[in-house]
Structures are given as structure tokens and as C-alpha cells.
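First chain A sits with chain B, and in the next complex the same chain sits with chain C.
Moving on to the complex of A and B:
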């Protein structure tokens, strides 16, 4: 009986923002604001950036808002993006994220072309091996081999100036996998060779803070909060832009769910205390 | 295992691991292109191929185990059957997509060859029909700019058709993504139940843990931060200083432990597989 009451309470808490009865302001997030400003200051039109989508369906609720909003910002800044992933579960998002973002921007008159403005390298196994090869490569575009259509990436206009890792202006990684970020930090020599930006779930964010402290991660986005705050910052910067309302709703559901769980913890402890006092 | 073979394997491990250690320090000390910068990428490609083979072996093992369960009607045979059918369906979808991709991507692959090959005439003579198709669009000379433009057009056409990997995408979008998300969503209910039943603060340490969790969670909660904006700063301080400090200790300890294990494996002192 108690279990059903708990589950029903959680379901109601999660549904309230979805059915539209509760809505509140997005909180401030200092890291998201810094991330935004770093892209504004460092990414210029024509810069080549890599975006790694190392997440699967399980953590897509947190990583997808981050990936969508940052990709949109990079496209608006005129960057040329190469999408790839080291997680086989990221396959649906590797084509989904660029497709949805470019479709959104097309409605605002920004027509982005595959091969010129972006390309999708696809899934690559063994990140440690692959990243080491990239760093050692004398012809980076050739090392990347084929894209998802089987075309040599070196033949795409985007790869015209891609000779070595130093031609990559920044690398953005979005993941929910613990330990994945260490591959990039270790093998890309982030902080010296490559400017590295990281978006992760709330669960693994503490392990990313230590690298932010040592400037091996320049920008950090924390969970769905980071994505939603970033969305708001983008709307402030680009006035006619439509916001991602579904991400905002997800965040509000999550917030209410968290409050409910905290309430359950306190309630459980209070009931135990009362029981102990009676005994 | 005979002593000779044992020594041979130990020597191989020592030499191969030693090469990578040498290459790491040598490349960073020498500024010009070295011979190791030509050898190492090939070795790393070999390592990736071996990982792929390990994957295949694992799949074969899975297959054999579950076929045995199904054929002997052992406990849980139905779930083994579901697993086998899913495995066969996904493998088949991958193979069918590979064949479709090869057919659809033939023109793209041909254009890639023309753009990257040292002898494009060889490829023009080998595929006269494809060459004729491109000559109609680009003229006899087949200039690079035109080939790149035609390449982009084909890619757009493939994307509109849902290629590449049409079947695989369907399986992923229809089954894998919704099932994966549903499975992770169930965790929310388990956490709710566990937080009511199990999370008890019996001493000061568990109370400190609860208070820290409260601050971090509430500091990113829009509803609470609207009432108490100072929580954002307190949360950031807790993550930047307290949590980071602890994680640095844990990480350094884990890395030192990993280094010791790596040295033991390099020197074949690790007996865990004997």
C-alpha cells in the first residue's frame, strides 16, 4: 500500500508541469553562463569544432538539451562542426541532433549545408586508440576516414583546412558515461593542445569539477539545468529565437520530483523518530 | 603452459608495452617527425582490430550459451529465445543495410575515389556508366568543384530517403531508444521508494551527507532558488571546494593504484590469469 502511495505521489509531482498547472523561473547557473561567454569570445566564423555525443537513450534527458542548445549556438557563430561519438548507443542522436538543429535554423533563414557547414563522422570504437591516432596524425582529415554516407571526410569542403589537431579550435563533449571524459583529457592534452568543453549529467558532474579547477576543462554544463539555462541565454542573445519548451517542462518536472524525494527522506526520518520516541 | 612459451609471452608484453612508453616520452622530447609517428598509428589500428575481434568472440559466446538454454528448455529459456531473436534481427538489419548502403553509396564512393585517387583515369575506365552520369552533370573535364557539389546533392538525397542504415535506424528509433529511456525512467520510482524506506540519518556523518545533498539539490531547483537565491552561491562553493578536494584525493589514489597494476602487468608480475 505504502509503495503505491509513494509511486502515485511521484507520478503526480512529475505530471504537474506537463499538464501545465505549475511553472517557475529557471534558476541561475554560473557554469552555464561562463560556458556561453567562452563560446561567444572564442568561437569565430569558419572555426572547425568537434562535437562528441557520447550518450545513449538513458541519459538523453540531460544530455540532449545541452547538445541541442550548444550546437545551435555554434552554428549561429558560424563554426563548422564535425559530429562523432565513442558510444554505440549514440547512433540515433548523431543524425538526430544536427538534423533537428539545422531544421530549426532554416526557419530563421540560416541554411546550413552538409559537407560545408557540418559533417557526421559517426561512431568510432576504442576512444583511447582513436584519440591518440588523431593527435599523432599529420593529415587529420585523412585519419578521420569516412563519414556516415561512406564519403571520405577529406573530400568535404569542411575539411579543407583540417591538417592537424591544432586546426581544431575547440572540442565539445556531451556524455553521461563515468570515466569517458578522462580519455579526452589524457589523450588530447586538453588545456594545452585543445580547448575542451564538457557537458555531463548531474551524477558525474563532481568528477568534472576537478578538471575545471586545473583548466583542463574550460566550460562545464551540469545536467538538464545547464541545458535549460543555456537555452534561456540563447534566447536573450538572439531575440527572435523560439525556445525549447519541452526541455523547460522536463526540468520543471525534475525539480518537483527532486523536492518530492527530499520530502520523502524527511518524512521517513520523522516517522522513525516518532516511533523511537514512543518505544 | 611450457616455460618457453611463457617466457615468449612475457617478453612480447614487455617489448610492446615498453615501445609505447618509449614513444610517449620520445615524441614529446623530439620536435621533428620521428619514425615512431609512422609506426604507432598502425599499431593502434591493429589494437582497434583486436578489440573488434574480442567483440565478435563475446557475441559468439553469448550465442552459444543461449542456444544451449533454448534447446534444452532450461530455466529462463524464453528470455534466451527473445535475446537470440533480437540478436539475429539486429545483425540481419545491419547486413541488409550494408548491402543497401553499398548500392546507394556507389556514386558517392566513386566521386570520393575521383577526388582522392592519384590516378582518377583508372577509376573512370573501370566504371564507364558512372563516369558518363557525372559527365552529363559536370562536363568532360569533371572539375573538382562540380564533383564536390554533386557529392553534396547525393548526400542530401540519401538523407531524405532515410539512408544510410534505414532498417537499423528504424529498429533504434522504434525499440532501442524508447525501451532504454523507459528502463532508466523506472529508476526514479526505485529512488523514491528507497529514499522513504532506507535513507536514515543515524549519526553525524550521515546527517552531514544529507545536508550536503539537500544544498546541492535545492541549489539547482528553480522553485526553491526563487525563494532563497543565496543557495546558488553556497552550492557552487560546495562543489568547487569541498567536493573537488575529495574527488582529487580519490582520483589520484585510483590513478596511482592503476599505475602500480599497469607496471605489474608490464613486468608480468600479475598472476590473476594463472
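Moving on to the complex of A and C:
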């Protein structure tokens, strides 16, 4: 009986913001602000960047808001993006993220073309071997071989100036997989060779902070909060853009759900205390 | 119509998996088996489509023009691909006969040697900057100084916790330090646990949002 009361309470807490009766203000998030500012300061039109979408449906709730908002920001800054993934489950997002972001930007008159502004390299197994190969390559575009449509990436206009890893301005990675980020840190020699930005789920964020402190990760986005705060920062910078209302609503639900869990923890402790005092 | 049916099926799948909250049941089992079956077939298919075919089989079977129209036949590349396929096949030789296990062991040996080489290099690249960043100045602006002192205390105490746990007889100072380190470790685990709850809740929120928006709309569109 008790468990059903708890489950029902949680469901009500999560549903209240979705049906639109409760709304919280988006909090400040220093890491997201730093991440945003670093892109503003460092990414120039024509820069080639990699975006790794190493997540599947299991963690899309947290990684998708981050990937969508950062990709949009990079496109707005004029960067040329190569999408890839080391997670087999990322297949739908590898085409879904660029498609949805370019469609949004097209509504604002920014027409981005496949092959010129972005390309999708697809799923690649064995990240350690693949990344080492890229780092050592003297013809990086050729080493990437084919995109998901079977076209040689080296023949695409965006890869014209992509000769070595030094030509990559930054690498952005979004994942919910524990241990995935180590592949990039170990083999891309992040911090020295490549500017590395990381978006992760709340579960693995304590692990990511270690690398943030040693500057092996330059920018860090944490969970759904990171994505929603980034969305708000984008809206402040580009006033006419439409916000991702679904991510914002989910964040509101999460906040109320967390408050409910805190309430349960306090209630549990209080009841235990009363019981102990009585005994 | 196709998209609507996909959304309805996805919603039913979500509800079926959450039906586990009521306890073990046939609906949950059925959808769990579907998930395992799809996942088991999906990854090999992806590997064949995106890797084995374009990286190797297409060249070996003479379909290289489908992958790279400008490809010039290259004996060295052909040799490397053939060799890697052969070593890969060695992994399965032990299933044919126990006498052929030596080939499987050879493949494992090569795989281990490569992994070890890659890991050693990678671990140095990962750890050296961290060791460097752990050495922080104790004279700086007040805010940085404060954070660096806390960092130093945490790192020293956490180290001592694991070093002192080797000794059976502890001095009162060691005992006192261990108690503090235990508190620090518990704070750290608490932070891990809190962020884990937050992540799991995010996933639940996304599903609830999906069910109450897209799925509800898809169901209503049927009537």
C-alpha cells in the first residue's frame, strides 16, 4: 500500500508541470555558462568541429537537449560539423539531431546544406583504434572513409581543409555511457591536441569533474539542467529563436520530482526519529 | 499512419515495461524478450553494414567500386584485409575442433597484445595531466586558495584512508584521520547517489512526457 502512495505521489509531481499548473524559474548553471561562452569566443565561421553522439534512447532524456542546443549554437556560429558515434544505439540520433536542428534554423532563413555545412560519418566501432588512427592521420578526411550515404567524406566540400587533427577546432561529445569519455581523453590527448567539450548524464558527472579540473575537458554540460540552461542562454543571445519547450517542461517536472524525493527523505528521517524517541 | 503506429507501439512498450511495478507478469516478459531479440539482432547487423562490408568484404569480393569509385587495386591493402579476416576467424576455430584451439589462443594473444599496448599509452595520457593538476598552489587569491586547501585536505585524507587500512594497529592520530576520511568518502558517495537519482528521474520524466503528449495525441488520432 505504502509503495503505491509513493509511486502515485511521484507521478502527480511529474505530471503537474506537464499539464501546466506549476512552473519554476530556470536556475543559473555556471558550467553551462562557461561552455556557452567558450563557444562564443572560440568557434569562428568555417571552423571544422566534430560532434559525437554517443548515446541511445536510454539516456536521450538528458543527452538530447544538450546535443540539440549545442549543435544549434555551432551552426549559428558558422561551424562545419561532422557527426559520428561510437554507440550502436545512436543511429536514430545521428540523423535525427542534424535534421531537426537544420529544420529549425531553416525557419529562420539559415539554409544549411549537407556536405557543405555538415556531414554524418555514422557509427564507428572500436573508439580507441579509430581515434588513434585519426590522430596519426595526415589525410584525416580520407581516414574517415564513407558517410552514412556511402559518399567519400574526402569528396565533400566541408572536408576540403581537413588534413590532420590540428585542423579540427573542437570536439563535442555527448554520452551517458560510463567510460566512454576516457577514450577521447586518452587517445585524442584532449587539453593538448584537441579542445574537448563534454555533455553527460547526471550519473557520470562526478567522473567528468575530474577531467574538468585537469582541463582535459574544457566545457561541461550536466544532465537535463545543462541542456535547458543552454537553451535559455541561446535565447538570450539570439532573441528571435524558438525555445525547446519540451525540454523546459521536462526540467520543470524533474525539479518537482526531486523536491518530492527530498520531502520523502525528510519525512522518513523524521518518522524514524519520532519512533526512536518514543522507544 | 506509419509514424502513428510506431508511436503507439513505443507507448505500449513503455507501459509494458513499467507494468513490472505490479510484479512479474506475462506482458512485461513478452516485451522484455522483444527488446532482447531486437537488440541482439541490431548490433551485428550494424557492424556488418557499416564496418565488415565497407571496410573489408567489399574489397575482398571485388565490389570496391561501390565503396570508393576511385579505388585503385592495392595488393598491400588486400593482404592486410585478408590477414585481419583470417585472424578474426581464428576466434571461432575452437568451436570446430579442440585441436584447433591453438589458433584461437593465437588470436586472443594478438588481441591482448594490441589492447595492452593501446591501454598503456592511453592511461599515461589520461593520468599525467591529472597528477599535474593535483599539485595546486597554496598561495593565490583568497577564493582559489580556499578551494585548493580543501582539495589538498581531501586528497591527503583519502589517500591515508587506504594506506592506513593496511595496518592492523593504529595510532590515535591514524584513527582520527581515518574517521575524517570516512566522512569525506561518505559525502562523495552521497553526491554520486544524489546525481544517480536525478539521472534516473530524468529518464522517467521523459517517458511520462512522451506518454502524456505524443502517445496521447496518437491514440486520440485513431478515434
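One rule holds for everything that comes next: the second predicted complex is superposed on the first by the 279 of 279 C-alpha atoms of A that agree within 3 Å, B and C clash if a C-alpha of one lies under 4 Å from a C-alpha of the other, contacts with A are read in each partner's own complex, and residues count from 1 in each chain.
Following the convention adopted for this analysis, a residue touches a chain if its C-beta (ideal position, glycine included) is under 8 Å from a C-beta of that chain, and two chains touch if they have at least 3 such contacts.
These numbers were taken from a predicted model, which means no experiment stands behind them.
Using the contact criterion defined above for the overlaid structures, shared-chain residue A:257 touches chain B and also reaches chain C. When both complexes are overlaid on chain A, the residue A:116 reaches chain B alone and has no touch with chain C.
Contacts of A:249 after superposition on the shared chain: chain C is touched, whereas chain B is not.
Of the two partner chains placed by the overlay, only chain C lies in contact with A:201; chain B stays clear of it. Judged by the touch definition given at the top, the superposed model places A:102 against neither chain B nor chain C.
More residues of chain A lie in contact with B than with the other chain of the pair chain B and chain C.
With both structures placed on the common chain, the touch criterion links A:187 to chain C but leaves chain B unconnected. Within the superposed three-chain model, A:125 lies in touch with chain B and with chain C [touch as defined at top]. Shared-chain residue A:91: touches chain B and chain C both. Contacts of A:66 after superposition on the shared chain: neither chain B nor chain C is touched. When the two complexes are superposed on chain A, the residues of chain A that touch both chain B and chain C are 7, 14, 58-61, 91, 125, 129, 132, 150, 152, 202, 205-206, 210, 213, 223, 257-258, 261.
Chain contact summary for the complex, chain C toward chain A: residues 21, 42-43, 46-47, 50-51, 54-55, 66-68, 70, 118, 121-123, 125-126, 129-130, 132-133, 188, 191-192, 195-209, 212-213. Only residues 7, 11, 14-15, 18-19, 58-62, 88, 91, 122-125, 128-129, 132, 145-146, 150, 152, 176, 182-183, 185-187, 189, 191, 201-203, 205-206, 210-211, 213-216, 223-224, 246, 249-250, 253-254, 257-258, 261 of chain A touch chain C when the two sit together in their complex.
Chain A makes touch with chain B in their complex at residues 2-3, 6-7, 9-10, 14, 24-31, 56-61, 89, 91-92, 95, 99, 113-116, 125-126, 129-130, 132-133, 136-138, 143, 148-152, 154-157, 202, 205-207, 209-210, 213, 222-223, 225, 251-252, 255-262, 264-265, 267-269, 272. Those residues of chain B lying in contact with chain A across their complex are 27, 33, 37, 40-41, 44-45, 47-48, 51-52, 101, 105, 108-109, 111-112, 115-116, 148, 151-152, 154-156, 158-159, 163-165, 168-169, 172-173, 176-181, 183-184, 188-189, 191-193, 195-197, 199-201, 210, 214, 217-226, 229, 232, 236, 239-240, 243-244, 247-248, 251.
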